[in-house]
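The same chain A turns up in both complexes below, where it pairs with chain B and then with chain C.
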Partner chain A sequence: MRYLFNRLVHMILVLWVVGTVLFFMFRIMPGTPLAAFIDQTTTAEQQQALIAQFGLDKSLGEQYWLFLVNLSQGDLGQSFFFKKPVVDIVLEVLPNTLILTLASLVIAYVFGILAGAWLAWKRGSWIEGVGIPLALTTRAAPEFWLGMVMLAVFAFQFGWFPAGGANASGAAWDSEWQRIFSLDYLSHLALPTLTLAIYLQGLPLLLMRSNMLEVLQEEFITMGKMKGLSTRTIVLRHAARNALLPVATAFALGVGSAVGGNVVVETVFSWPGIGRLLVNAVSASDYPLAQGAFLIITAVLIVMNFIADITYQLLDPRVRVATTA
Partner chain B sequence: MTIRRRDLLRLAGTTALSSVAFGALPFRAARAAEGGPVRSLTLYSRTQAANPQQYQAAELIAQIWGELGLKVTVQALPNTQLSDVIWYKRDEWDLTMWQMVGRPERSDPDEFVYNLFHSTTAETGYNFVGYQNPEYDKAAEEQRVTADRDARRELIYRAQQIINEDQPYAFLVYPEKFYAYSGAVFDPATVTDQPGLGVKNFWTFIEITPKGDQKDLVMNSSNELNACNPFYISGAQDSWVTELIWDRVMRIGKDGLPQPWAAESVVWNDAATECTITLREGMAWHDGKPVTAEDVVFSFTAPSQDNTAPMYKPFTDIITGIEAPDARTVVMTLDQPNAAFETSTLAKLNIVPKHVWEPLLATLKPGETAESITEESRIGSGPFRFVRWLPQQEIVLEANPEHWAPPKIDRWIMRIVLNVAAGLGMMKSGEMNFMSDYTGDPELLKQAAEEDKDLVIAEAVDIGFQYAAFNCRRPPFDDKVFRRALSFAIPRKLIQNAAWNGFAALANSHVSEALPFWHDPETDTLETGVKIAKAMLEEAGYVISDGTLYYPEGKTDPFSD
Partner chain C sequence: MQRPPDTAAAATLPLRPRRRLLPATGRVLSAVIEVPRRDRYALAGVIIYAIFILVAVFADRLVTHDPLEMLFTPDYELARNLAPDGTFWLGTTYSGRDIFSQLVMGSRSALIVGLTAALSVVSIGTVVGLVSGFFGGWADTILMRLADIALGIPFLPFVIVLAAFLEPSQWNVVFGIALLLWPNTARVIRAQVMSLRERAFVEAARVTGAGPWHILFVHIAPNVLALSFLYASVAVGWAILTEASISFLGFGPSDTVSWGYMLQDAYASQALGRGQFYWFVPPGLCIVAVVVAGFLISRGYEEVMFPKLKG
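Let's look at the complex of A and B:
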């Protein structure tokens, strides 16, 4: 209980620090939100009105105090440009972001873990000679290039998948669930997911492999072999389970950062997502939207980190004992 | 120390000839006849990623000005940072690349002619270069109150000639824009090419006729939509949508001039200070209620209230009186004639349903504006009805068959497509059939059209233009001759080809050739070249010596480095 409470205080502290850094960072950055309105703003009066409307006529300290007060009430403010509450805007794009990033994470980790374990077992064979460079190459390939290749081949050459967006143009659905589980949505999801998965699989694969190699040196593996256990049982039940721990942490953190979206993949496939939202917000100096969205992402990341710690305890009794003692 | 031929030649023309015999002395003597050196200069530009053409042009220009003995460094900044320097620190910069973009309401020259160079807009308005010329102010003011179109054109010509003479900008090009649509889906004869705007315009969207079963027009936008609100325009994309949902009293016609739209007639009194608007009969809102003169009065008075629609306020503030004598008639009074009123007010403001918006405006708290209201029904009276908007994905409108000008297509769909190359592929695959926002290489588009005979390409010269701006507040740019020389040094043809790949028209006026009625063709003949520029500078007393440019005798640089 005490442990949980400590963690909670710790989390709030981190959020406050991140919020403060964000608040000042965006305001210190050169550029002004008025710039995006210059084309329409003709008079000095109008500019003053905008400044007042954005609350930028107050002193920095005052603005910061207001920001903290609102934040403590869960109010992240209103976007300068969309003229809507930040939370609404973020929640609008979050589902699509999560579906894309989580789907590719799961594919990447399932594939990466299996392939990593297998490559470790095949250490020294020609399979490793081909497999490792291949994993490294796909990991290092720029995402936009990978995305364009996918588009050129699967969308334009074969015409198997649509080239962009999340739904066919003009398609209407009765409910959000129906939309997400429609064949149309899934076919739009395929290419961006695959692109992102190919990019992501390198980490779990290499991590799994090196952990496996370490675990396979341990005495209990030798013991298993002596007991005459089958290869499958040794690799999966004994070695893989132990090697999985760091990969589980990486996965949980991956899920956390997945909330931030992936601006490159979102742009290449015109996929609606939070990455695009953030880039636009930052480049237009939309302070409330930018800091609000980053703050939400931070919060999710912190929570996922916390969950990762807890899972660790569940997966590994040794950690559990260490904390309680 | 060597004496250059150039120095000797110049010396030959000076009275200091006697000192030649003393070897090193002539150099010093030459210095005495010239002022201080011109400081090193920074030419600002957008970044290469944001505007590759502009950046390329900046690099070339810096190099060319180098030949005049100037040390010019190009500094690229992201858009907001650039605006921060140029727009808000007006005394602190020397040179910048800049652009003005075309919009439908800019097909009246008033906005550019008045705002860009009138002295009253120098402090905080559009005249960010700080250009001052009473003669120009006079022409700009007069054209505004001259109702007779031909007489006004003379004044617009005059304004262009003054700018040509003074060169506060070194105009470069009017960029060409490219559009494409599927000739297999739509009948090309029903597509309108509007001056300065190209085929993506209001008239095309209500008249374009499908050939077969595909009755949806699916077009792209490379920018997100910010809002869909008749009182809030925050980007070009927003206005493409609002102009279809909400009617306006007038519209910019196919010829680029305003014509009655929701009005059956717009009649002016002889003094051109009072206009009587008669609405069409039988107009209805999308919810079935009739459109009345009261709605029109509401639409033109609401923005004038404080903090309702700040973007529209300047356009309605000039109306001094407005009333609705009967259900179809609106009478507006101005305190003086305003030649741009039809274009910049009557053809710009949306007619908004009073029964929907009046209660909403009443709920506004201090500091809030109508811009922050999300009115979900988006009821207008225009040729298209709002269906849905999925942020970052698409906005869907459907034809309004009850309208007096019913569209031929069933639905108008704008998809947000950020990847230009994918957009081209989508045109081929049929996922899209109208390329309304092509930001890629025009050459690629032409190749695609060669491979696919159904792809129709349309190009249009922009109303907007690209230029290098001189800060007229700071020496040496306060000297007209100096600005002229720098402007004349730029080989426009080279810039057009090297930076814009030839996809642009040469510019030397703030009234684009896309507006043939207003553009003065006399300004088109600009002789350029470094030689001409050097001759101009030397005639005015500037001295280029040893690769450095010096002020005329007696002048020094107030900002010397």
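Let's look at the complex of A and C:
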């Protein structure tokens, strides 16, 4: 309990530090923050009204205090560009990001775990000699470049998939669920998911392989062999289950870091997610929106790190004993 | 692949610390040369690095055109989107620039970003790890809290905001990487130092009257140099990948040719729709090759020098 409490305090601390750093970074940025938004036609009075509306006439200290108070109430301010609450805009695109992230992570981990276990099994053979450099190569390829190649081949050359976005324009749905489960949405989802999955599968693959190799050296495996269990039973029931522990942790960590790392893939495929929102907001110097999107990404990352910690302790009693003792 | 058994590695590369600075440093150096000879993967990595560095150094002699100059055909038309031929080995871009020359020049910015970022990450990480692990106490608590915070910040979004905040330049990427990626190195070095400081040779140095800083930097530091090197070879790849992503998203400098800049240019000029594979495939392959080389080298070192260590 005490541990949980400490972790929670720590999470809030990190969020506060990130929020503060962001707040001051955007405020010291060169140029007036409303530059993107004020054009030639706005009069001086209108400008003053806008500045007052966004609270920019107050002192920096006052603004910071307001920011913290609003943040603690879940209010991330108004977007300069969309003139809507940041929370609404972010919540609108967040499901797209989460669906993309989870779909690609699940594919990546199912494939990675199976392939990793298989590579551990084939240790010393030519399959390992080809498999490992191949896995390393997929991790070394920039995600956006992979996406570009996919687009050029599957969307433009063959025309199998749409070239970007999440839905064909002009389409209407009765509910959010219907939209997500429509064939149109899924066909838009396919290429970005595949791109991310190719990039993400390397980690579980290599992790699973090295864990398997380690677990196969342990005494309970020798014990199993002495009991006369078949290799199949040993590998699947005893070795793989134990080797899965760190992979499960990596999955939770993966969700957190992928939500932030999706930025480039979302941009390549014009996927309306939070990463693309962040990039557009930064380019348009819409700082309340950029700040809000960044904070949400950070929150997801921190919460997932926390969950990773907890699952590890739940799954592996040895760690639990060590931390409570 | 032949994985070296633990015993063979331990016999030829003793991790047993010695008292003098020179032998320890010499051992690291000999390991740097020894590993590629023993591990085929590491050798491949070293060869890729060597080619990459050579190309970067002699880039201005290897280019066939000025990478940023708009070129014209003999009949005074803009050399736009030409397919590869004898003059333009990889064709030309939408704005009539030579792709091969850009590719060659791009190695230079990749090398600069990669090396400076790796150097800064690893030096910060090593110093923090050394101090934190050796002194413990409040210094350790503060530094490790900072490390936790740095790890809690989403990396790429942070570099994007940083790049927008500062003037567009490739140093933003180096700066962002230095700020956020040191904790990984620091944690591993810290753990290593915590075990080293209990060894007899540290006690021996203390008895002979050596001060704590002397012990830390003269006796302990050389023993973790190999680990730092391991992390540096991965950091080079990270830096190049990050630089490419930032340039691709349009936050890079527009006057420096890098592989990320080329990919951004290709994407924005709709090279994908025209199927100009000769434009956007080579820069990506170059990035893959250099990053993989870093992975292969670090992997080779890890297996030969730290058979027990899993990173």
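Please note the rule applied: the second predicted complex is superposed on the first by the 290 of 325 C-alpha atoms of A that agree within 3 Å, B and C clash if a C-alpha of one lies under 4 Å from a C-alpha of the other, contacts with A are read in each partner's own complex, and residues count from 1 in each chain.
The rule we apply is simple: contacts are C-beta pairs under 8 Å (C-beta built on N, C-alpha and C of every residue); 3 or more make two chains touch, one makes a residue touch a chain.
These numbers come from a predicted model, not from an experiment.
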Which of chain B and chain C A:25 touches, first, second, both or neither: second
Which superposed partner A:305 touches (first chain B, second chain C, both, neither): second
Contacts of A:283 with chain B and chain C, given as first, second, both or neither: both
First, second, both or neither for A:92, with chain B first and chain C second: first
Partner chain(s) touched by A:257 [first = chain B, second = chain C, both, neither]: second
First, second, both or neither for A:267, with chain B first and chain C second: both
Touched partner set for A:140, first chain B, second chain C, both or neither: second
Touched partner set for A:156, first chain B, second chain C, both or neither: both
First, second, both or neither for A:148, with chain B first and chain C second: both
Interface residues of chain A shared between complexes with chain B and chain C: 148, 151-152, 155-156, 163, 267-268, 283, 285
Chain B contact footprint on chain A (complex, rising order): 30-40, 42-44, 46-47, 49-50, 52-53, 78, 81-84, 89, 92-93, 148, 151-152, 155-156, 159, 162-170, 172, 266-270, 272-273, 276-277, 280, 283-285
Residue ranges of chain C touching chain A (in the complex, touch as defined): 1, 3, 41, 148-149, 151-158, 160-162, 164-165, 237, 241, 244-245, 248-251, 260, 263, 266-267, 271-273, 275, 277, 280-281, 283-284, 287-288, 291-292, 295-296, 299, 310
Chain C contact footprint on chain A (complex, rising order): 10-11, 13-14, 17-18, 22, 25-26, 29, 124, 128-129, 132-133, 136-137, 139-146, 148-149, 151-152, 155-157, 163, 210, 214, 257, 259-261, 263-264, 267-268, 275, 278-279, 282-283, 285, 290, 293-294, 297-298, 301-302, 305
Residue numbers on chain B that touch chain A, as the complex places them: 78-81, 83-84, 87-88, 101, 115, 121, 123-126, 216, 218, 224, 226-227, 229, 232-234, 307, 310-311, 313-314, 367, 369, 371-374, 388, 390-394, 396, 411, 413, 415-419, 421-423, 425-426, 428-429, 431-432
